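Per-chain residue numbering starts at 1, and chain names A, B, C and D are given in the order in which the chains are listed.
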């Protein structure tokens, strides 16, 4: 249950109230969301609910019927939009976030960024810290690649990069625009809290066997820490279907758009693992209502250090963007391109 | 390997050739496909392959590298289209097949058919023989409902109905236009052969844990029996994702469209189990390249005898069709409606 | 709900009662189970339940709270045992059913049967009709192999063989002792009813994505047809775990033993697909309470026409039997061997 | 490839060799394993392999054919045993690790420990830091519960407790005997490295959708950091089977015992989520060759703060231990009990 607190509720009175709840066996969480101070509990007993209802500190009570609360659209009906200067994620426009799986060198990164800029794209994805199944595989350029990120930033790109732990967060905080939390860390609650406290926009990927309720609860860990700028990313789950690397669960899009106010995007590159399926799945994602897609692209996929099979050729980008734009138009939206705002 | 036989190959000579193959431990299958006589083997040994290559009866050899052969696009590059008088499945147009899960009564069936005709739809789906998990659940009207099918046929509808066994096939053969083989029977090879021999168009649904290779092999069982009019239907697979009844695997569409020449449609009703997700998944299916969608609709879903939660309200049909038409247009196709051909 | 009918309930009175139920929208099923005449309904409305409670024809009512009824241990608390002359499945003894995946030739079949007899085993498994993913793969010897089955029968073996359709049932009915219904046909309700009516013991394998509730409902289809001699066989389900062909779900054993009175066995050969894992999984199955295991064995697995990787070497059989015997003893049971009864 | 280095290989020479490898595009890892200095690479090119073969620093080369190297039994054929004074995990004896899911209070913890000691058990499991799906659920006593752990240690128990992050590791390092890494963190590579560097024995749980190859690679992350005392724990994976919370994949036991030298245990409590299935699954795990089982137990499961449904009643412990002892004896092993060593 979410309880909105009165403006005059000061720390002392709130503590008293929380102490009384605790005596009833109910833990409460004090959260600042938008401009409101909220007191949140899991499932208050009748006695605890009465106690809250009768408290002069509580001005509104919301019992949502779902385990996720702050991320629920029942609590916050309007879409959350995330602003990067004049660029908005979660609004009318549909975005294409592109870039290599891992940043391998400055020339390749620059080449891709230049290419993207020609197409009007601004969100560059690319990892410096790669979570790899094998400790013997390429783990990303790491700290030594930070200068490349700065270079891309200077070119005017908005950067999306994965963080694996506190150290990554510290290194990336001043440079990147969106911190990505990968599938393998969706259940790393310590990292979710840490990225919540950092306050930067977060792109949270669905765990590879996570239900959507668990996915929203992972987002709730971030939002409860004071950061509501969370972009949810469907990237496929593990199933018995073996023609793709993962099974892209596009029904997550309309389900999530109903259940939460957070923006929802799709990663068809990891979601299929095969570049020849990426265009169709990108069109489908947008048709289903996604706020964007995140796509891997590489000048020479066959020699990419990771995920070459799923990286698109740069030459295929314009057609993809045209198709996405047409699909977006068919449902009353528009592909965001730099020129589209000028 | 597929071997095309010369026109002068008569039964006796073919038998001799097959006998020689058998001595090499290689079984062969004689199939008529389009106008050609073919001899097909699984994976011929080198000796058997030589034997075929050197046979004067063999004019062409195709080694495809896939276990499915006649259904493979590598063997037959052009799209297979299935004609119902002036209506074509598998061509430029996208189809919406609609109707109730189970046919419950003549008035309801007529009401839905009339409604569909107003929207220009001609393919009516509805089951008389229902495969139900419980022997105590409603099993469909069965034989007593055949008169309703005849009535719908007289109204001008094209009928899609499931067959469970030989008896169903016999009862339905003269009335329906498309025989549906359900997910639970995708691996019922005896039924696949029987429906292949029947010669009517078949709508084959993917098994609930089937890989796409297995799905294509099931289609191959039908085609090898002499019937190449098979429509493949993705209807979701069982996964750990629990917000939907099944997980609709839309990546099957572009994959199948590349691998096979057969038409591919999607059933978003069974694929999600939730009517509120059906429109978005229908749009996504068409955007991904499906040749149609098959949708459950019921005048009063809350009292439907089966699958009420996933049946759409008739009132929502026009918007769905409009959206599908727009998405189809965005990728250069068109929704098929009776008026669209007049 | 199961209603036991009074001895004096005649066809006419029962029809009247069923007619009154039908007017309430409740279908009922008349079943003979053991010596009782039963009337079974799915979930009777309150009015229908009252109608049954007040009927003089109904002597007992059982509302079980599960969708499976006749197979439920709540209805029939005692273990069902299936007798083959002096051999009992489902009682104190644990059985090892062995044999090749497919019967390939008389010499191989005889060799295996002789070997098994030396070890005291009597249940011989082996398929003549094989459900194969590819229509181009070896489909079993079929009708031409019936004489081999007769030969094995003459040797004194009890035969377990799969049936795929009505034709198989007709051909096998007089020869085999147990009809196997394979995983791919667990949802083939027409076949389940047909094998139920045949009256012979049935070995029913769990479908590859079936829940245990669905598995028990499939058994219910057989039992409702008048045949309660059903042996349930766990054989693994499809999961994301890839070190085995399927994931053997041994928790099915204690769950099924609680929920149903039917015997439960395990197929570790299909359940793992790897012969080196079969002994450990056999021991585990018996330790978990299985009434037996069904194992593939082949004199030369490397040249077996199907499933060679999972077939055990005959030389490893004695150790396996010894281990199973020891595990059985540890939980107060015993491995059944011919000598053990002499 | 693992290369054993000569004793005279000093830092400078090794650096030179690694530099030459790097020029060939091959990264190498320097690891101390047992008493050997090793240089490990992923898949060296032919040129790099030659370079290593010809280096005077390299005394032995091991090309294993698996992505896991140090954890592979092909590299280290003998079982790894982990000693806690006179108690050994991974040897002849089978262990039962027991305790509550979460430590809730000192009295409950003491009560359980006393009970366990009466049964001869020494490994106490219990969490202070709980990874919970909901941020609003009980997260464990945290730091305030450390004194309870110290108390249990003073009672002579060996402690197994989960760590979620670096902070947990610091707090727990001096008190607990085994650090547990939970399923949700199996892919948290930063945490795996950190616990590897800590040097204490680690109990690593399989991720809920992890393959066994990924599981072994996670162990490799720990071992490469210099800590080979890793106990692998199968705890069930997510599947479509819904009668249990997870599907316990017992085939993992014989597979892992063949592939790796590390000890393997099973958690039937999380693996089933139902206490009534825990005894059968414990017996099965031991029959399949597990080195132990880890079981949840609670004096009053119905009021446990987490996982009550899967916690055993203390009164059922003696029978469980007796059964496990008998099964262990049947395969030539023994249940470890304090008295058994006196």
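In this section, a residue touches a chain if its C-beta (ideal position, glycine included) is under 8 Å from a C-beta of that chain, and two chains touch if they have at least 3 such contacts.
Values in this document were obtained by computation on a predicted structure and should not be read as measured data.
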Checklist entry - What's the overlap between the neighbours of chain A and those of chain D? => result B, C
Item to check | Chain separated most widely from chain C, comparing mean CA positions | outcome: A
Checklist entry - Cα centroid separation between chain B and chain D, in whole Å? => result 49
Checklist entry - Could you state the distance in Å from the CA-based centre of chain B to that of chain C? => result 32
Checklist outcome for this item: For the pair chain C and chain D, the C-alpha centroid-to-centroid distance in angstrom is 38
Next on the checklist: Can you list every residue of chain D that touches 2 or more other chains, as numbers and ranges?
Outcome noted: 209, 213, 237-240
Next on the checklist: Using the touch definition from the top, list the residues of chain C that touch chain B in their complex.
Outcome noted: 27, 29, 40-42, 67, 69, 131-138, 164-167, 184-185, 187-191, 208-209, 213-214, 217, 220-221, 224, 237-238
Checklist entry - Any idea which chain B residues touch chain D in the complex? => result 209, 238-240
Checklist outcome for this item: Within their complex, chain B touches chain A through residues 209, 211-213, 237-244, 247-255, 258, 271-272, 276-277, 279-281, 283-289, 323, 326-327, 329-331
